[in-house]
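There are structures below to look over.
In what follows, subunit A forms one complex with subunit B and a second complex with subunit C.
Coming up: the complex of A and B.
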């Protein structure tokens, strides 16, 4: 039985020994090298690009511009907002946007060529807009002038009941504005890949979170049928949403297509910072009410997302921010408006949590403000309002099972109380303990997002799992095999994996939205069901007993009378008939779209819940915050691989700590790992992961997801803890030395008055 | 492409530098980063790199006696761990331990820290408090130059291309001192100091030393604060007054810029605390 066992991850040993071949490592001798030419100013109109000086350099073979794109230049995963020009056509909309691509014999020659092109581009500067609120004002410069709707990318309203009246009648009302900063994913592996032209097809191997989508958009880019593009997901060293959009794959495909030669490309860390998406910075204005007993009465929220120069996943982030604005609580009356605006800032897109880590800062800050106003304990106040099985979310979706928030809070309670009792203060330090909760809808918001998978029983007795689900370090290779092994009743070691090659697998959707365990896991179970059915039918034929009762048990086809048959034998029988023992499965979550006006609907089939508490020490002389402890209780439905779950939780907490305390992307200023600070090992607190299993009835063996939830409560919990320590709420991320000092000196000034 | 010259002795290193075309490569933790940036931007690379990591004359460490000297080629890892440094110049050992990460500390040298001349250099703030004078060698001979004259501006020194820092001569200190190096960064490792401070107090406050870094164009000793300390009675009131004076000095020199909202209270408080800690090491009341 492999379910619930902490099996060592597929590929762990290769990674530890340094043998894994990542997308970055795919270069082969003789490959041509590519380098992008990136705009150093924006917005601007391109007047001319002179490839001449570059082409005169040794080794430079070709300079590509937008004119060389055979198909559509505008790509993007969300079909209604495709606007990302991989080579700027006429307008440069953000700094760092690629305007040309150089192919050369060596990397140094390609880079020299790119520099030569860069100085030979003539731009006409244009007025830009760099603040989302200004972008939505009348007369603001338009980021996409040709686009109807101006700079407003998307607006999502969620209305339920009468929030205004509810707030008017509330015993307490708290109102505040919260903001977050643009963040970079900082996956350990930089973008890298290779492409070649084989028999009229382009084959692209690169790091990615979504190989089947890549293939569709690359075909669109080249103006060919998808069959003429093959995408192979290279081993991918982390993504966190940063490898969901296409990065260098269009460049690889374009060059291989034209030159008919193998090409490779890699980003430097600086290029990765400048060229890929960032986390959306949000401005969140929240008004929240409660009655005397501390029950939430109503919420009015106004949210503004800066989507930068391209839409990317902006629509999804905006929707999620709105849907999750209520937090994991019963809120009878809601009025939420979330808007995403284009600016000429670096484009923002998917990053672990799609807007929910940002929105959690606001809903949790409000819960703490209410607790303070009511004189109630923050944990008990959350428990009082926590969603329960049978209750409805802010979109009116009644949750029948799998609502584990109360259990998460109860698991935390003794730890929270102990830390509260132990938190100390001294002459030059103060400690605080903070708490935060979250819920997170698994899968894409209010749209179909199916996964498919196949399982084949070989004549040698081994089973192969075919999946398009990208493994990016999160563990799907392991978890999907565990699920298949459990359903087929065989040891996990007997399952081979074929993953992420568009010629050999089918679409599993993106590795995003914490969806692969729940959605692809269900697709794998459906494939196993289908495989069993086929094996049973074939066995009946083989034995000539057409009504024989058979089922797959313990890895064998078993009859009620105790006789059994090896599936491999049936596979051999099928092979003799020119067939294969192959089952196919598909799963699409049970969803409904959101009402365009009220936002009511069933955006997700399943939700994960979590609560975390943090214990911090603030140095009151320097403003330095040190997170001592974090306890993280996560309702994952069912832990298919408990160690994998704990790994996700610990990683999420570390990443959330960076968001809380130090991360902030500024183009040209913090675009390397020297200037852009992420937590080091020394910054990591002691982390106590707590697994809560409130089964989701539609999940594979009850499982939901944990990839993004792991991160979401951390920043609000740390913010609450720091706020408790310094005696003032901290509503803006990151909580830098300067912000802590401002809170401390503000308090001093108040005392002085 | 640069020519790479491995120098096995001081004579070889100085001979290689005599052309004026060479750049000194010690630990490389600053230089390699700069060279990579230059390569990527198509900037100019030095004609020659003179690797001095193996030059034995740069590895001297003389702590006893009237003329203490720290070899320029000593790594931060060595300075942080050396029992003599920890006993005689603990603030230097603490500063060394606060630099970068273990990997960086094993490569980076104190001489390189001086030559790179970052306003936030932890080693330089520590050396400033210890009255360091650079001993500089070239094929023409040796000269001595106080740290404050050697480092002329952020990332600029008066070193000539033919010259190499041989070592840093330190002031001899009384037998008993209280020394503390304090650093504030944005994270616990691999962090450029937002503020660093080196304090050395003697029992009678006859020769108090206080240097502040990451606040001025170059790390510097604060003579006015030291004078205040010499004249005052040790205790919390004096430490607070010294902190306030250090913060005043910062605004006098740098004006009220945006960073002052943080720096002024931080300098005030961290200075007072560091002085109290140094005094407590002498058995005094904090």
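Coming up: the complex of A and C.
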């Protein structure tokens, strides 16, 4: 039985030996090299691009511009908002947008060519808009002038009951504004890949979180049928949402298509910072009410997301921010409006949690404010309002199973109380303990997002799992094999994996939205069911007993009388008939779209729940915050691989700590890791991961997901702890030294971003 | 310039190495040792860590000529006779490997520490590895792995 066991991760041994070939490592001798030319000003109109000086340099073979794109130069995963011009056509909408691409024999020659082109681009500066609130005002410069909706990318309302009346009649009402900053994913592997032109097709191998989407958009970009593009997911060294959009794949495909020669490309860290999406900064104005018993009465929330120059995943972030604004609580009356606006800032998109880590700062800050106003304990107040099985979310969705928040809070309670008792203060330091909770819908919001998989029993007795699910370090290769092994009743070692090659696998959707365990896991189980059915039918034919009862048990086809048959034998029989023992499965979560006006509906089939508490020490001379300990209780439904779950939790906590205390992207200022700080070994607190298993009845063996939930409560818990230590709430991230000192010195200078 | 050095026990002579080439460029570009990673190019992330005469260095900041006549060990040279080094085994078993991109540098930095300090405290492990960034693990399981490897190196692996 492999379910619930901390099996060693697939590929770990190759990784410690340094043998794993990542997208970044794919260069081969003789490959041409590519370098992008990126705009150093925006917005601007391109008046002319002169490739002459670059083409005169040694080794430079070609300079591509938008005019060389054979297909559609508007890419993006969300079909209704595709707008990313991969090479700027006429307008440059953000700094760092690519305007040309140079192909040369060596990397140095390509880079020299790119510099020569860069100085030979003539721009006409245009007025821009860099603040999302200003972007929505009448007369603001338009980021996409051709677009009918102006700078408003998307608006989502969630309305339930009468929030205004509920707030009016509440015993206490708290009101505050919260803000967050743009963040960079900083996966350790930089973007890298390689493309070839083979028999009239372009083959692109690169790091990615979504190979089958990549293929579709690359085919549109080249103006060819998808069959003429093959995408192979290279081993991918982390993603966190940063490798969901296409990065350098369109450049690789374009150059291989035109030059008919192998090409490779890598981003430097600086280019990765400049060229890829960021986490949306949000401005969140919340008014929350409660009655005298501490029960939530109503919420009015106004949310504004800066989506930057391109839509990317902006619509998804905006939807999620609105849907999750209630927090994991029973809120009878809601009035939420969330808007995402274009600006000429670097485009923002998917990053671990899609808006929920941001919105959690607000709903948790409000819970603490209510606790203070009511004189109640923050944990007990949350417990009182925590959603329970059978209750409805803010979108009116009744959750029948899998609501494990109360259990998470109860697991934390003894730790939280112990830390509260031990938190000390001294001459030059103060300590505080904070708590935060969250819920997170698994999969995409209110849309179909199926996964597919196949399982094939070979004539040699081994089973192959075919999946399009991108492994990026989170562990899906391991978990999907564990699920297949459990269902087929064989050891996990007998399952081989074929993953992420669009010629050999089918679409599993993105590795995002914490969806692969739940959705692809269910698709793998469906494939196993289908394989069993095919094996049983074939075995009946083979034995000439058409009504024989057979089922897959312990890796064999077993009859009620105790006789059994090896599936490999049936596979050989099928092979003799020119067939294969191959089962296919598909799973799409049971959802319904949100009502366009009220936002009511069933956006997700399953939700993960979590609560974390943090213990911090604040140096009162410098404002330095050190997080001493974090305890993280996560309801994952069922831990298929407990070590993997704990690894996700600990990694999420560290990333959340970076969001809380240190990370803030500023274009041109924080474009490498010496300026943009992510948590180091010394910053990492002691972490106690706690697994709670409140089974989700539709999950594979009850499982949900944990990738993003791991991060979401951390920043609000740290903010609450710092707030407790310094005696006033911290509502703006990151909680920099300046902000802590301002709070400590009671200045009314708690500046928003 | 011609560069003579020893890499993973093998004496190597490389013609025409540009004076400005980094050790990282030579290892990856000339010798095809792709286990040494590049994550920032400015000595901040530690993914390019190798051992130079047994001490961990950022190979992106080390000029190739600085390695002339010296011993370089990369991740490919750590396992002896196909057998994983105790650090490698501990990383695998403790769940210290997620995406694995920081892993080679992290292991070599830990090797340097355990060579000098057979009984490191948690704080000493954290200090020694603070120049090696990991975005996946939160360092939690890496700490467990290094502790475990230190014990195995002292007492023998089970």
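Assume the second predicted complex is superposed on the first by the 746 of 753 C-alpha atoms of A that agree within 3 Å, B and C clash if a C-alpha of one lies under 4 Å from a C-alpha of the other, contacts with A are read in each partner's own complex, and residues count from 1 in each chain.
Throughout what follows, contacts are C-beta pairs under 8 Å (C-beta built on N, C-alpha and C of every residue); 3 or more make two chains touch, one makes a residue touch a chain.
Owing to the predicted nature of the structure, the values given are computational and were not obtained by experimental measurement.
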{"item": "Subunit C versus subunit B on the shared subunit A, clash or fit after superposition", "value": "fit"}
{"item": "Touched partner set for A:126, first subunit B, second subunit C, both or neither", "value": "neither"}
{"item": "Which superposed partner A:738 touches (first subunit B, second subunit C, both, neither)", "value": "first"}
{"item": "Partner chain(s) touched by A:115 [first = subunit B, second = subunit C, both, neither]", "value": "first"}
{"item": "Computed vertex angle (subunit A) for partners subunit B and subunit C, CA, steps of 10°", "value": "40"}
{"item": "Partner chain in contact with A:584 - subunit B first, subunit C second, else both or neither", "value": "neither"}
{"item": "Subunit A residues touched by each partner, larger count belonging to subunit B or subunit C", "value": "C"}
{"item": "First (subunit B), second (subunit C), both or neither touched by A:655", "value": "second"}
{"item": "Which of subunit B and subunit C A:622 touches, first, second, both or neither", "value": "first"}
{"item": "Subunit B versus subunit C as contact partner of A:268, first or second or both or neither", "value": "both"}
{"item": "Contacts of A:680 with subunit B and subunit C, given as first, second, both or neither", "value": "both"}
{"item": "Touched partner set for A:374, first subunit B, second subunit C, both or neither", "value": "neither"}
{"item": "After superposition on chain A, the shortest CA separation from subunit B to subunit C (Å)", "value": "5"}
{"item": "Residues of subunit A contacting subunit B in one complex and subunit C in the other", "value": "268, 674, 679-682"}
{"item": "Complex contact set, residues of subunit C against subunit A", "value": "33-42, 44-45, 47, 74-76, 78-79, 84, 88-89, 91-93, 95, 97-104, 107, 125-127, 129-143"}
{"item": "Residue ranges of subunit B touching subunit A (in the complex, touch as defined)", "value": "33, 40-42, 101, 184-192, 194-195, 259, 261-262, 265-266, 269-270, 272-273"}
{"item": "Residue ranges of subunit A touching subunit B (in the complex, touch as defined)", "value": "111-112, 115, 268, 270, 428, 620-624, 626, 661-662, 674, 677, 679-683, 736-738, 741-742, 744-745"}
{"item": "Contacting residues of subunit A [partner subunit C, same complex]", "value": "6, 8-9, 11-13, 15-22, 24-25, 185-190, 235-238, 240, 268-269, 472-475, 643-644, 646-647, 649-655, 672-674, 678-682, 684, 687, 689"}
